[in-house]
Structure formats: structure tokens, C-alpha cells
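Would you mind keeping the following structure in view while I ask a few things?
Chain IDs A, B, C and D follow the sequence of writing; residue 1 opens each chain.
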Amino acid sequence: MVGVKKKEIRIGMVGYQFMGKAHSHAYRDLPFYFDNPLKPVLKAISGRNEEAVKEAQKKMGWESYETDWRALIKRDDIDVIDIVTPNHTHAEIAIAAAEAGKHIITEKPLALNVEDAKRMLTAVRKNGVKHMICHNYRFVPAVQYAKQLIDEGRLGKIYHYRGSYLQDFIIDPNFPLIWRLQKEISGSGALGDIGAHSIDLARFLIGEFKEIVSTMDTFIKERPIGEMTGGLSAKGNSEEMGEVTVDDATSFLARFENGALGNFEATRFAAGNRNKNKFEINGEKGSIRWDMENMNNLEVYFTDDEEGVQGFRMINCTEEVHPYVGAYWPAGHIIGYEHTFIHLMDEFLRGIAGDYQPSPNFEDGVKNQILLEAIEQSAKDKKWIEIGS
Amino acid sequence: MVGVKKKEIRIGMVGYQFMGKAHSHAYRDLPFYFDNPLKPVLKAISGRNEEAVKEAQKKMGWESYETDWRALIKRDDIDVIDIVTPNHTHAEIAIAAAEAGKHIITEKPLALNVEDAKRMLTAVRKNGVKHMICHNYRFVPAVQYAKQLIDEGRLGKIYHYRGSYLQDFIIDPNFPLIWRLQKEISGSGALGDIGAHSIDLARFLIGEFKEIVSTMDTFIKERPIGEMTGGLSAKGNSEEMGEVTVDDATSFLARFENGALGNFEATRFAAGNRNKNKFEINGEKGSIRWDMENMNNLEVYFTDDEEGVQGFRMINCTEEVHPYVGAYWPAGHIIGYEHTFIHLMDEFLRGIAGDYQPSPNFEDGVKNQILLEAIEQSAKDKKWIEIGS
Amino acid sequence: MVGVKKKEIRIGMVGYQFMGKAHSHAYRDLPFYFDNPLKPVLKAISGRNEEAVKEAQKKMGWESYETDWRALIKRDDIDVIDIVTPNHTHAEIAIAAAEAGKHIITEKPLALNVEDAKRMLTAVRKNGVKHMICHNYRFVPAVQYAKQLIDEGRLGKIYHYRGSYLQDFIIDPNFPLIWRLQKEISGSGALGDIGAHSIDLARFLIGEFKEIVSTMDTFIKERPIGEMTGGLSAKGNSEEMGEVTVDDATSFLARFENGALGNFEATRFAAGNRNKNKFEINGEKGSIRWDMENMNNLEVYFTDDEEGVQGFRMINCTEEVHPYVGAYWPAGHIIGYEHTFIHLMDEFLRGIAGDYQPSPNFEDGVKNQILLEAIEQSAKDKKWIEIGS
Amino acid sequence: MVGVKKKEIRIGMVGYQFMGKAHSHAYRDLPFYFDNPLKPVLKAISGRNEEAVKEAQKKMGWESYETDWRALIKRDDIDVIDIVTPNHTHAEIAIAAAEAGKHIITEKPLALNVEDAKRMLTAVRKNGVKHMICHNYRFVPAVQYAKQLIDEGRLGKIYHYRGSYLQDFIIDPNFPLIWRLQKEISGSGALGDIGAHSIDLARFLIGEFKEIVSTMDTFIKERPIGEMTGGLSAKGNSEEMGEVTVDDATSFLARFENGALGNFEATRFAAGNRNKNKFEINGEKGSIRWDMENMNNLEVYFTDDEEGVQGFRMINCTEEVHPYVGAYWPAGHIIGYEHTFIHLMDEFLRGIAGDYQPSPNFEDGVKNQILLEAIEQSAKDKKWIEIGS
């Protein structure tokens, strides 16, 4: 579909690190697999460090670059602003982009706090632009299929949601103080970085939270000051130490509007778990288990399976009947992490082309932020907090 | 070792259902595998229903029976009282047995409340008898080996303990109101029945709890009144409905004395999980995972493994170097659930013979009960509770 | 059922090592779990080394001992002769026992060659005694359940049988020359010791072999002469070296009478595989996978499962509907290796009590031996061999 | 790297179905991830059906199209001919392309027979062009890493290679007679289509074959004549039946030059196995297991691991130290099937740029073809065949 004449949609991206790479690739690869009504054009990329942004521009195939995101937003040849900068900049950029009439896609979490998040939502609504937040794990085919099974009532009433996101990349005390470990830039630590994904998956799959209680901890209080990067494999380059101002780990209990019990955990201190984003859902008629490290598989159990042959089915979600994967390869030929971004971008562009508001969007971002804030508050006050709607 | 002339130790057992069967088998099978200084003799079994107790006596190979546990305790030809009755009877029987100078082993939880539990501990201490509580999962070889690795410092400082015990045997609303679902008999539901095991494993493996916050729920409020049994495969035999007065599910967060974060869940509503008692422990130098459904396996990860070949090792704990299993078969030939009781009884009798107090014992039972009570209180008051030592 | 008055059946066992222990335990434990019409009595055990046999007698609970198996067979107070000696002795003992009118159970392989095996079969038939060969893996509940599914036609026509039995206990060149590595005592190596089990499972599950082609190898040609033992964890105790006269590994292709293709492998040189006895069966309507290291689980796939949720089901065969396990514990509480012998003995005694000939028996032993011999011949001649019926 | 000015290499592709898509994507995606000295340009695509090739051209982003591959080969603006047509056309196209001085990459198997394969090898050698055969599974990072471990001697002497490739896409008798089921087009069935991959992996990982013996079968002899496609999800569109002239399944034993025993199986009749391409290698110092359905994982066992913690390590090969994956995402973020083609194309272009002959190439193709032919011959003659070098 790549060579087919289509209406173009011109992207401007602010930032260019880990997520910048994932988004850039998705725009480039999308037309090959999906028959989206719009064809993304990688118009311009922006970053403060001219040398670095120039290199990123070339490496990832953008047509031009800017060193000031305000300049990017002003450009007439750009339809979409894609924000992949550190969290503390999302609000200002998004609001300016909305006011400039650009559609917006931003990395999660939406902002550093609920107030900013709400201002962002107001801005996109007022300016009538489409918006999306990059909770890419929703777009794993196995997860989409889980959602479909739940919506069809195949699990019946939901009793339990168990979500955990375990990483181990900062377990070494010598791992440097990257921006993800600094509250004023990242908002929170494991909570906002990976816990936010677990929260979004739970909301997507079984609905809204009603109340939560949490605990948080920072196991390593000081780290060497290193490169100012979000890089997950950064190295410390200094003997100077700085304070870690975010959580290394967060754990919380929840109750959902639908009566289900939730149990959640996000940590960067689970040795051996590189990127263990997983959930288990138990309902009256069955259960579902999923784990990002084997993201193409979904384990499904049905209580009404015949006696004797009851057991979790290990489903390789690579068949035509499974969401998105028909666009790729025959059954049993797996896809990877990067494809989740392709699917998300596909949905975003379809929303723009079809004039509907896709999800997850800034409303989801606000709801997620309310939870992040409540979870931090709960950990501080050591009490249950009701989640206002 | 069965035919070797040894000092005999004469057992009297109160109760004869699921746990009665497990204990009876363990006493019978113990001498075959282990060179214990004492040889258990199945002297007498007691139960109120004469016909049933008589049948149990024959089936399980006891020499005699009583219809009143008080009569059993009075007998001179009995050294040990083994209590496998419903939870509400433990305290009275154990205290009487202690006062009669019998060594005591009892099923968990120790009692219905902390007060009773403490009275029991006082009684055994005052009377100088050996005592044990039947947290059999400590005695899985893989779990014993996990303990050994932790004690050797192989995981370093512990950051996380994640314990869950998931079952699904009461997920059908027509499953009857067995005694395990009645508070006055069982004390609590999933919490005391299976959560108590998770608590004990955590205490055994990484140490004492400091504070907890919990939530509990009862998903099915009424059930048909059925046979008065604890049986996990009981059928309802009545159209009359009775109230479920215990928790179907309990979830709680914890902090340990050593600084680790805990995350726990116990439920009987996790479809497809027949007996999924599992834990994961993350420390600064490694992690351990275990799951009762594949109880012979232990997954172990070391952060200091060479780059490139880092990964969880799937260890089949059936080698001579692993605790207890040298007594059985060559490596790779697995053992099962029942063997955990053999190991526990072996430890109990060694304690009696060697005049030391084995663990887990009534002190562990009291500590466990304090936690059970705190967890119930926390769920009621919706607040964190400190665990007094 | 242990205490119930029942007709006794008096066992005499020849040999007392690894298999002697497994059989002794099975006789002792059987009455506790199963309501067999006969109650086994461990009457006498026999071995040439008086000190050793005396110790074994005491350890395993036999009433008496003999130092000559001929004396054992002559005894009037013995109904069953159980043969757990090295393979080269099976024929002589079994024939003598048959002529003495004893029922016979023997370890596999039946004999060192087809001729001896057939003489054994003739002897038991002529003397009208019941006979069994100890292919215990048939009696794993998951395997029995697989058989049931296949017989019900749940897999349809069978296309493939894939059986492999991988061990690694002799991978160290310093592991001594135990009798299992000496042809004149054991008949063959990996082939007869573990490959024979794979052959038996295939015959049990899908039927008779039609033709085979094989290859065999001995990777380590010489080993230190050690204790004269079959022990899997023996240590060499000599600097003298002896020749390994059996196969370390055997691999063969097969065609079955029913048209299925077979692919088999038996080796003691598969590092990391302690006791990996496994099979996969593919039929037109589904597939089954099983692995002894997780023996309670059966993986089952049905082609007529609904699109989208097709996948191998991981079935924990511990439910009442699964063969044998109703006698033990609630669902999800696993059993182990030793229980396979209990089930086999249960079947044997039922055959004696009910006057029917249980399986697997000497006829199966002969058929197995024909295959073992054909496989050795095929490896030698490098050609396909038809299996005469 | 995509925007960096680089020397271009202009690709012409013959064919455009499943493999055409995989190759096209790889050329397009390669510059984004890898800093290859050459930048592929998708110059022209060729196919006989103008409408179809035109659509493919647009869909996959090729600059132009031809309806005759001879025309494509004649073009001056093309440096590389990529052959993804059915197998019977490979020889003619490749030889013509070689004579026209084009570098050549072709899908496997190289040809329909050894004679053609050798003519192809002669042609590329004579004309001094670079050549490659698309055994993409070599380029899975986990497989590359396995090769590295073996070459470093981490497994020591190799005893066993166990390779199987199980699929189930033609298990339904109504699946149509696609070209992959017709000998004159495909050469063979499961053997050449997927068995060829297993053969290549074995040669890559442990070295050359010495002799083989095989058996083959065609379970469904007739199928409905359908679309003339290689498509794995084709539907029959006719009531007319045609003969299946290739193998549905092939099984073979092997001995390698290095003394290892091989056991192989390729089938399209293994229900529930969508694309189960797997191997296990056992050596004197360890073992390796791999399975394409979870292609990012490698299971590795070392005999010299400390007693007690010996076990297969489940390695997620997504770390910087693992081949190729440094170009993608942080550890734990998996890649998929399509990336194997990117790596293969990367190697191909590096060979062209650096003037060395990359592997696997036509020499590998000839060796593979010799094996395919020997395996067919062995099945026909029912005898062992030595593999000439």
C-alpha cells in the first residue's frame, strides 16, 4: 500500500530518543502493512541540541529539523505534533500545539500532575484537534483479542485483575541518575513510567477504578550523576552523586467500579525481569493471562470447557482472526514490540481521516494521571483514596 | 528403615478428613524413607460420629478409635495429639492436650483469634511439650532450597516478596456452604485457609512483617446449605440457602522488618487455578520463583551470571544436594504434595527425640494469627496496621 | 482401607536396589489409597549378599529374607514373585517361579533376548499364573487419560508419534562402569533401559509397530570399573578401566500398523535432561504432549476448538475425572513418580483377584523385546527391519 | 541512518507473494536500524500477471514493474536480482541473472535437484557475483548467539542434534492443492519447504552431515484444485481433485562428520503446531534449546554450573550483547519473524559492499539440495545414504 496515492498527513515530532525511534519507525512502516486512508510523511523533528537532532533527523529519515519546538508548531506544513520528550514538557508543548490546530499524539504519562493534564484535555477539546496518548500495549494483538473476549462476555463478571510490570534495569546502584529518576522531569518513577501502562491496560480491559491504596519505596537513594538521558542502558559518567527523587517500586490494591478487586505492582528492582509487563484476569466464566515477554501468546481458560480437558489454552495470537495480525505473516510467525506502535499510529490516523476521536486519548491520560496522583497521595498519607470521576 | 527396632512414638489424631488423611499417610510412610530416631505408631483416632470414625480408623490404619477427643487425650498410651479438626476447635483441644503433657501438632490456622492462639502458646510452653503447626509448604524441597539460597546471601538484600495463592473450587455459586465458608467455624475464608500459608512462607523465607493494608471481598453472599464437611469437592444437598460469612478473596500490601515490600493475594475465585500457591522474591543479587503446581521446580536468577547467558534457571529440585529428596529417587523423578507432610512429621519427631523445638510451631501460629487478625481489621477499617511483635 | 480385613497376597521379591525400593514402597502404600480386593504382605526378600539383603529387609519392612532366590521360590507362604534384579537374571528366575505356580511381576526389559522372553511367556502361560512387566509410565494418570482420549477418537486418525527419553547421568566420562553399561548383564544400554519405556508407551497409546530403522552409538568407550551396582549416582572406585559394551544413545524411525510415523530417541547424553521421558502424538483431530518431568500435566489440542481460542490446553490431571487421582488429594495437588508403581501394583493384584490377565504383561514384554532386538539388528546392518507379529 | 547519503544498491525482485513481502519489507526497514554501507533501492518487481504485479508494486513500494523477468534482468539500473518465485523457476532465473552480472539472492530450496543447484553455483562463481540463499532462521539473534556459544566451545564436543519443524496448515483434507503440494513446482513437500530450514540450521550450528536414513509419507493423497498460489491460508475453489505429489511429512536420522547423532522431522500434519521450528543440541559441557514460536528465547544449560542450581536458563536474547538486537530496543522488548530477513539482507549487502561472500549462499544451497535429494532417495530405497562432499 506504500506506493498507492493517498492523502498525506505531515508529522512533526518533538524529541528523538527511545520513544522517538519507536514512533519514527511506526510512521515509516505503517503504510507497508496497513491500508490506512492517510499516508504519514516524516516532515520535521525538533530538539534543542542541533548536532544531535540533525543526526537523529538523518538516522530516522525525517525531512527537516528544528531546534525549537515552538518553531515546529508554527510550521504550516505540519498536521500532527508527536511529543516524545521527557514528561515535564508535555503540557506546554501539547497546549501550544492544540492552539496551533495540530492533532497531537504524546507519550505517557500525559503530564506531571492532574492539573496540567486537565489543561491539556481542555486545550485539545477547545481547539477541536484529535489527540492520543501512547499506551502502546493496548495494541498488542493478544491484548486486543483479550479485550474482545471480555467484551463478548466470555469471562462473565470479572472478579480479579492482577497487573504487574517488573523491570530490573536500575538494580545496579551505579546505574546513573537519568531523568527518569528525577521527579521534576519525570513526575514519578516506576509508577508513572511502567505502572501507568498497567493502569491503562486495566482500564481498557475491565473498566474504571473506584478506589486505591498504595505503598511506594526508593531502595537506592543516591546515584551517580550521568548523561542527561532517558536511556535504559545509560552509564554513569561522574563521581558526583545526586538524589533519586522518584519511586523505585510501587504496589497498590484497587477496587473497580464493576466490583472487581485489583492488585498491582510496578518495580524496576525485580532481578531477571527485563520487561515483564503482565496481567491475569479472573471472571466467573474464565480467566486470561498475558505477559509482554511472550507478547504473541494469550493464555485463556473457560470454566465451561468439558470436564477432564479443562486447562489454560496457550493461544499464539497470530491467526487471521486475531486483531491486526492478518496484515503480517502466516499463523505462528510472531511480531514484536515495535508493531504495537504501528497499530497505535494506524488507529490515530484513522481517527483523523474518519473524524472520530480514537483511544487512548487525553481523556484516558487525565484519568490515568488522576490515578497516578492518588497513588502517590495514598502512599504518602497511608490511606485509601477514592478516585473521582 | 521401617523394620529397624526403634523407639516408638504413639500418635492420637482428632479428626479424619482431608488433613487427617494427609497426616495419617505421612506417619505411615515416614519410616520407609527417613531414618528418624522415632517410629510413629497410629494408636487412636477420634471423632464424634462413631460410624464415620470407625470407617476412617480402618481405612487409614489406626489401631483404635474414640468418639470423644477428651477420652483420647486421657489415654496413657498416647504421646502426641494431632489436631486436624475444623479451626474453631483447635484451641480447646490443644490446651487440654498440653495440660495432659502430650506433644501437639495442629493444622493451621492455629485458632480463630489471637487471644486463643496466645493461650495455646502459653499452654504448650507451661507444660513443656513440643508443638508444631502444619504449614506443610515450608517442607517442599524446592522451598527449603530457596530458604537455603536466601540464608546464604545468594539473593543479597531482599527488595520484593510477591505471594499469591489462587484456587477456584468455590467459583460455582451452587457450591455448598461448607464449614470453610462459615466464620464461626473457620475464622476466615481464603485468608485463613490459604493466605495463612502465603504468610507463613514469607515469614519463613524473608522474615517478619512490619505493617499491612488489605482489602477483602465476598463475591457470592449466599450458598446452598450442604453436607457439614470441609471437603473441597462437596456438593450442595439442599435448596435452603445460608449466608457466606467469610472472605472469598483477600489482597494485601505489606512492609517487612528488613525493608522489603510485600504484595499478597489469596482467592478461591481464580478460574483455572486449581492450587496455584506461588511466590517470587527479588533481591539485589537475584530472584527466585516457585509455584506449587510444579512444586519440584525452582526458578532462580543470579545478577552476577555472565552477560549473555543471564536468565532464570529452571531447576528440578530432585538431586541429592536438594533438601529431603536424597531419601527418594534419582534426579528427575519427582515427588508430590503428600511428601511435604512426611518431611514435616520427620522434623516434628526429630524435635521430640532430640529435645529441641521444631518450626513452624505455635509461636509461628501466633504470629500468623496476629497477621490474619490485622488483615481482617485493616480491611474493615480501611487503614494500615502495624504488626506488633 | 488399610485396616479392613482382606484376603492377603504374599509377596517375595528378588533384588532390592532402585526398583526394589520403588516396588516395596508401592506394596506398602497401595492399601492406604486404593480399595484393592487383595492386601499385599511383604513376606520375604532375597539377595546373595546376606548383610546387604538383611539391611534392605529391615529398611523396607519385609518380614524375612533369603540369600538364594531358589529358596524364595520354594516357599509355600509366597504367592507372588517380584523380580527386580539385573536384566540377565530375569528369565531363569521367572521361569522357575512360573513352574512353582507363583504369579510374577518383573522389571523391564523382560529378558536379554527374544528367545528368553518367549520362553518366559510360554512358562507363565503353561503354568497359568498371572504376569506383569513393570512399564510403570503407563500408569501416570495423565498418560492413562491420554490413552482414554485417543481410544475415544478425540485425536482421530493418528499421523505422528514422537517419543524421546533423555537422561544425562553418565555424561561424565568418570562415571563408573555400572552393570547398566555391560551388555551381558543389561542386554543393551539407553535402548533397553529407557528406550524400552518409550516403545511401551507408543504401543500402549497408538498400537503395534510395523517396521523400524535405527542407529546407535557409544560415545564413551571405556569407563572406570566401579561398584557392582545399578545405582544412578554410583561413583567409580578404581583406576582400572573397562569397556562399555552397550549403547549410550539410540535413535530410530518407525512405521506403525495404523499408518502413523514414529520418531524415537533414547540417550543418556542429553545434558540438563535428568529424566525427560516425553511424547507428542499428532492426529487428524488433535494432538497430545506429555513430559515425565511435569508428569501431572497433559497438553491437549483439538482442531475443532473455536477459531481464535485454539491452543494447547495445559491440563493438570489431578481431578476426580482423571484416572487414579480420585484416590489422592483435591485438584491441583500433584502426585509423583512413586505413585506410578502403586497404580501398576493395584492393577496386578486386581488381575490376580479377579482372575484376568492385566497389562502390560509378558506378551508385551516379548513384543518389546522383539523391537529391542530389531533395533539393535537394524543399527548393526544399517537397514530397515519388519517387526514380525 | 535512513537519511544518510550512502551508495545505493538497486534491487529487482522476481515474484511477490509471501516471501516477496518479507523481502520487500526487509529492504525498506533495513536502513532504519542498521548502518549498512549500502542503501537498498526497490527498483523493480516482476511477475507475469500484469494486474497483480502492478498492485504488488504499489503495495510494497517498488519503483516500477516488469511482466517478464528476462526484461528485469536486462535492465542496467538493477544490481541485485532477488528470486522469490516458486522453486522450479529458481535455476533458470538465477543462471540468467548471474550471466547478466547481477548479485543474486534466492529463496530456498535452491532448485528442484542437485544438478540444477550445481549449475547455479557454477554460474555465480564463473560470473563473480555475490549470492545468498534465504535461510532466514540463521539470523534469529538467539540462533546466532547459539552459534557463538558453540563456536566458543561452551557445549564441548557435540553428541546430539535434534531438529524438528512442525506445522499444521494443510491438516484439513479440503485445503487445496497449492503449488507447494506439487512436485514439479516445489521439488518436495514438507521436506524442501521446512525440512530444508532444519538442515540448514544443523549445518550452520554443528557442521556437515555424513549419512542419513529417512522415511516420508503423504497422508492425504488427493486435494481440491484451488487457486494457483503458495499461500498458506489458501482456500480450495473447485470440486475437482488433484494428486498430491509431495511428502506431507519426512523423518530422518543422521550422523554428522563430527560424530554427533541427528534426529530430524518435518511435517505439516502436527495439529496445534503453527510454526514450531525447533532444535535441541546436547554436548559434553551443555545443551541448547530453541523454538521459533518463542524465537527471542534461548534455553541454555551448562554442566559446570554449580551443583544445586543447575538448570536450563531461559535467556531472552534481547540484550546488547546478543547479535543484532542492539540495533533495536532495550532488553526485554522482543522482535519478530520479519527481522530475520532484515538481518539476512544486512549481511548480503555487507558482503557486496565489502567484497566478501556472505553465507548462507549457493554453496550452502547445493549442500542442502544434496541432502534433500539423498533423503528422498533414502525414503524410496529404504536404505542409508552417505552424503558426498
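We take it that a contact is a pair of C-beta atoms (placed from the backbone, for glycine too) under 8 Å apart; a residue touches a chain by one contact, two chains touch by 3 or more.
Fair warning: this is a prediction, and the values are worked out from it, not measured in the lab.
Chains making contact with chain A as well as with chain C: B, D.
Greatest centre-to-centre distance from chain C is found for A, with centres as Cα means. As a whole-number value, the distance joining the C-alpha centres of chain C and chain D reads 42 Å. Between chain B and chain D, the centres computed from C-alpha atoms are 54 Å apart. With centres set at the average Cα position, the gap from chain B to chain C is 35 Å. Among the residues of chain A, those in touch with two or more other chains are 273, 310-312, 316, 319. The part of chain A that touches chain B in the complex is made up of residues 155, 159-160, 162, 164, 166, 168, 171-172, 213-215, 217, 219, 249, 251-253, 255, 259, 261, 263, 265, 267, 269-273, 280, 282-287, 301, 303, 310-312, 382-384. Those residues of chain D that touch chain A in the shared complex are 1-4, 18, 22, 24-25, 28-29, 31-32, 57-62, 167, 169, 232-233, 273-276, 292-297, 316, 318-320, 328-339. Taken together, the chain D residues at the contact with chain B in this complex read 145, 149, 300, 302, 305, 307-316, 319, 321-322.
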